[in-house]
Amino acid sequence: MVSAGASRVRSIGRVLFVIGLIVGFGHALPSAITVNDTQPDPPAVLFSRQLLAARHLQVGDVVELSGDPSGANPQQFRIAGSYEPMPDPIRVTSERLEARLHLPDLLRLTGDPDDPQDDDSLSAINVKLRRPEDAEAFARDWSARVPAIGVRSSSGGETEHNPFEVLSRFHQAIASLTVITGAVFLLALMVLLADERRETVGTLRLIGLTRARVLAQVLVEGAIIAGAGAIFGVALAALTEGVFNAFFQWRYDTSLIFVRVTPSIAWRSIAVAIPLGMAASVLASWALVRSNTLTLVRR
Amino acid sequence: MSGSHPPIVEARDIWRIFPMPAGPVAALREVTMEVSEGEYVAIAGPSGCGKSTLLHVLGCVDTATSGELRLEGRDVGALSDAARSRLRLEKIGFVFQRFFLLPMLTALENVELPQAEAGVPPAVRLNRARLLLDYVGLGHRADHRPSQLSGGEMQRVAIARAMANRPRLILADEPTGELDQATGEAIAGLFDLLHKDGTAVVVVTHDPSIAERAQRVLRMRDGRFVDRELA
Amino acid sequence: MRALAFAWRSLLRRGGRSALGIVGIAAAGALMFDMLLLSRGLLVSVRELLDAFGFDVRVLASEGIPQSRLPIEHALETARALSALPEVASAVPFRIGEAEVAAESERPDEVALFAVGATTRRIWTVVDGRDLSGREDDALDVVVNRRLAERMNAGPGTSLELRGRCSATPSILPPVTVRIAGVATFPFDSGAQLTMASRFEVLDRLCERPVGEADLIMVASRPESGPDAAVDAIRKARPDLYTFSNDEVIERFERVGFSYFRQISTALAIVTLSFGIVLITVLLTVSVNQRLGEIAALRAIGFSRHRMAADVLWESALLVGIGGLAAIPLGMALSIWLDAILRSLPGVPATLHFFVFEPRVLWLYAGLLTGVALGAAIYPMWLVTRLPIAGTLRREFVS
């Protein structure tokens, strides 16, 4: 996809556009939107769910919109429906007070009346290429051909500084720290477990079990404990996923999904936990297995 | 029943009943006894007859289900837990079968411990701890930890610890139970010494060599005294 | 031997286990410390950034996000009128725009352009060449940041050709040739940002806007009056304008823009707190359970319940305290790493930090660790104080 802006245009004149004239803390809104039921058959407009709720409007109401924050030159529209804005993590803390208009209505609303060509100008055209891999070349070619417009590939470059990439790296860093902390906890538990069974290990050794056999048993136990713990953790995360999402969706009035336990994450958790558990159990039991058998059974 | 001195401990009609899933079990039934100042009493009897329970009640670590217990004339049943702790700290010395020395402390520090808890100044308690270790013949092992001592040595340290706050009553529960005969004899000799120095001693024991040294031997069966004889 | 010394000896007795507890607390504590740094770090840093501008009051024509704000008309006259208020030291109108500058690469570079009215107070510091002047001949002078100068291989005296980016699209107006007067540092620059400052005339030529409009007026209050008095005076003089002190901007940022980091730091601080409590509770509980005979014997000797509880509490405090102390340098080191990750977010000023140390963090951290030590000790203390002395001694002999 090649884009010159944020809006998606499939067929000019028919597509619904996101209009950013009603945003922010809402102080400009009273002058920009006025409810009016007198005008017959005004053009249709869609309001975001949040905007309908914030202005106590409902589908069917006629409103006046203005392209000017001061409310000058208002035009009437009838609210044909409401929609849920596209979830956007970047705007999670913003109130999604938005409306969508047919493009000709938007151009009429926002155009400069003194500029006859203004109703033929757009802020952006999104282009879907037949061969997406040609996006960079296409952008270069069109930038050279039409110097007055900027043509950019929507997928090219700067992935390292993409906000989601950065946040993902941050979350991974935090996750790795919690894994290290969890590993220490696991090791502490295994040490306690090993200490608890000094006599058992001593007895097993006395009746003839080899060190390797005892160590194998310890390994299996470590794997079972860590595996069971990881499965419990994944199950707990899956169970509480809905609670987290419900809370944050309520908190930010968005349909954005904040937490999702995917099979890949579940498997990764288990795959990290089991070797950690085995390593912790061997580390914790090493001294025990190497100890003199008689010292183990003697309290 | 008692010696010529006034009683330190007076137990009257003591019952100790333990609630059990299969029904209540009476570990002590109508036990009445006195221990006079400086007296040496042995309590003997088969396992499970209530000897240790009686010692625990006398030492204020367990509470009788009914009956009256007086220590130096004070009704122990009326005391709070904190007051009973204080009483044990200052008036009673305990010697256990398993010694219960603290492994992270040296012999000297183990003997200092009850004095420190009683608020004795460091210099005073250090001096007394050394004297007590000399008294039990372990002055040369003062800086050794329990893991570096033999069983008999550990019990001697435990006796020194029991004497730390100059108690008027020493209670010992099977003090030679984990020791060989020769070591047990040496420990018994220490109790003789304590007795001679005026401390009242009550020993629960299976060991005839200790029982025969006591002034009185109280034999128990099924939570009661069966007969009483003067040694 | 008092409870603290006794607890210390008890920890030494089980050295390996105690070391694990300390390491666990150090790891959890480092994360908790970092979350405390994060919980207000951005606020503190934004505050420092705002203060670094040298202005403590902002005046706008409307609220809302920058794209939807009304411009301040007759900004120069308004700024002069505000400067005349006794509470105001200086008022500078600003216009914010974008431009493109032709680079050696095929794609022109985007430049953030700050245009100021003819005043002497600046938000940048000139490090090479000279500053903008008020002379008529210098109307098309600009100062650029070091990155732009290096990118264009230019310096003081060099000319640049600019094309305006008005309403996010390249202007069809002819390009304007400007002259670099100096190189400056801008407090809000991100590592990658190309920044330029000019007088209003440059932006007027790049994008046709009514002459005299500004996006905001930045005001420096007089030290003897302070920003609150200046805000009151401006609101009284010009009730049609929206006036905010830096404190009010920060308060709004805290309510709206800062939620994510506050939420994540709260959630992770709770997780690490819980982790610390569970770890130490487990260690102390097992330790107490393995010493029941000893504890019963000490109680029999005459140690009070309070004393035994104090021993456990001190053990908890020592484990948490030592681990918590070790966590501070560890957390500081980790915060540098985590801060570097977050600072690679696009558009983040180079001087902005997400993890910022302030003394109150230490107090809060100490308070939370105290909570961990207390919380972790509750169950083992309960075990110790409820321990039946006689029953435990009896069980020990039987075992």
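Note that the chains take the letters A, B and C in the order they are written out, and that residue 1 is the start of every chain.
We adopt the following convention: contacts are C-beta pairs under 8 Å (C-beta built on N, C-alpha and C of every residue); 3 or more make two chains touch, one makes a residue touch a chain.
In this text the structure is predicted, and so the values were computed from the model without any measurement.
Legend note: the chain whose CA centroid lies nearest the centroid of all displayed protein CA atoms is C.
Compared on C-beta pairs in contact, B-C and A-C come out with A-C as the pair having more. Computed centre separation for the pair chain A/chain B is 70 angstrom, with centres defined by C-alpha atoms. Computed from the mean C-alpha positions, the centre of chain B lies at a distance of 65 Å from the centre of chain C. Look at where the CA atoms of chain A average out and do the same for chain C: the two points lie 23 Å apart.
Along chain B, no residue makes contact with two or more other chains.
Per the touch definition, chain C reaches chain B in the complex via residues 1-2, 9-10, 12-13, 293-294, 296-307, 389-391, 393-394, 396-397.
Of all residues in chain C, those touching chain A in their complex are 16-17, 20-21, 23-24, 27-28, 30-31, 62-65, 67-70, 106-107, 167-170, 172, 192, 256-257, 259-260, 263, 268, 271-272, 275, 278-279, 282-283, 286, 290, 334, 337-338, 341-342, 344-346.
Looking at the complex, you find that chain A touches chain C at residues 4-5, 20-25, 27-28, 69-70, 92-94, 123, 140, 143-144, 147-150, 158, 160-163, 166-167, 169-170, 173-174, 177-178, 180-182, 184-185, 187-189, 191-192, 195-196, 248, 251-252.
Contact residues on chain B toward chain C in their complex (touch as defined above): 52-53, 56-57, 59, 61-62, 81-82, 85-90, 92, 94, 96-98, 100, 102-105, 109, 112-114, 116-118, 161-162, 165, 173-174.
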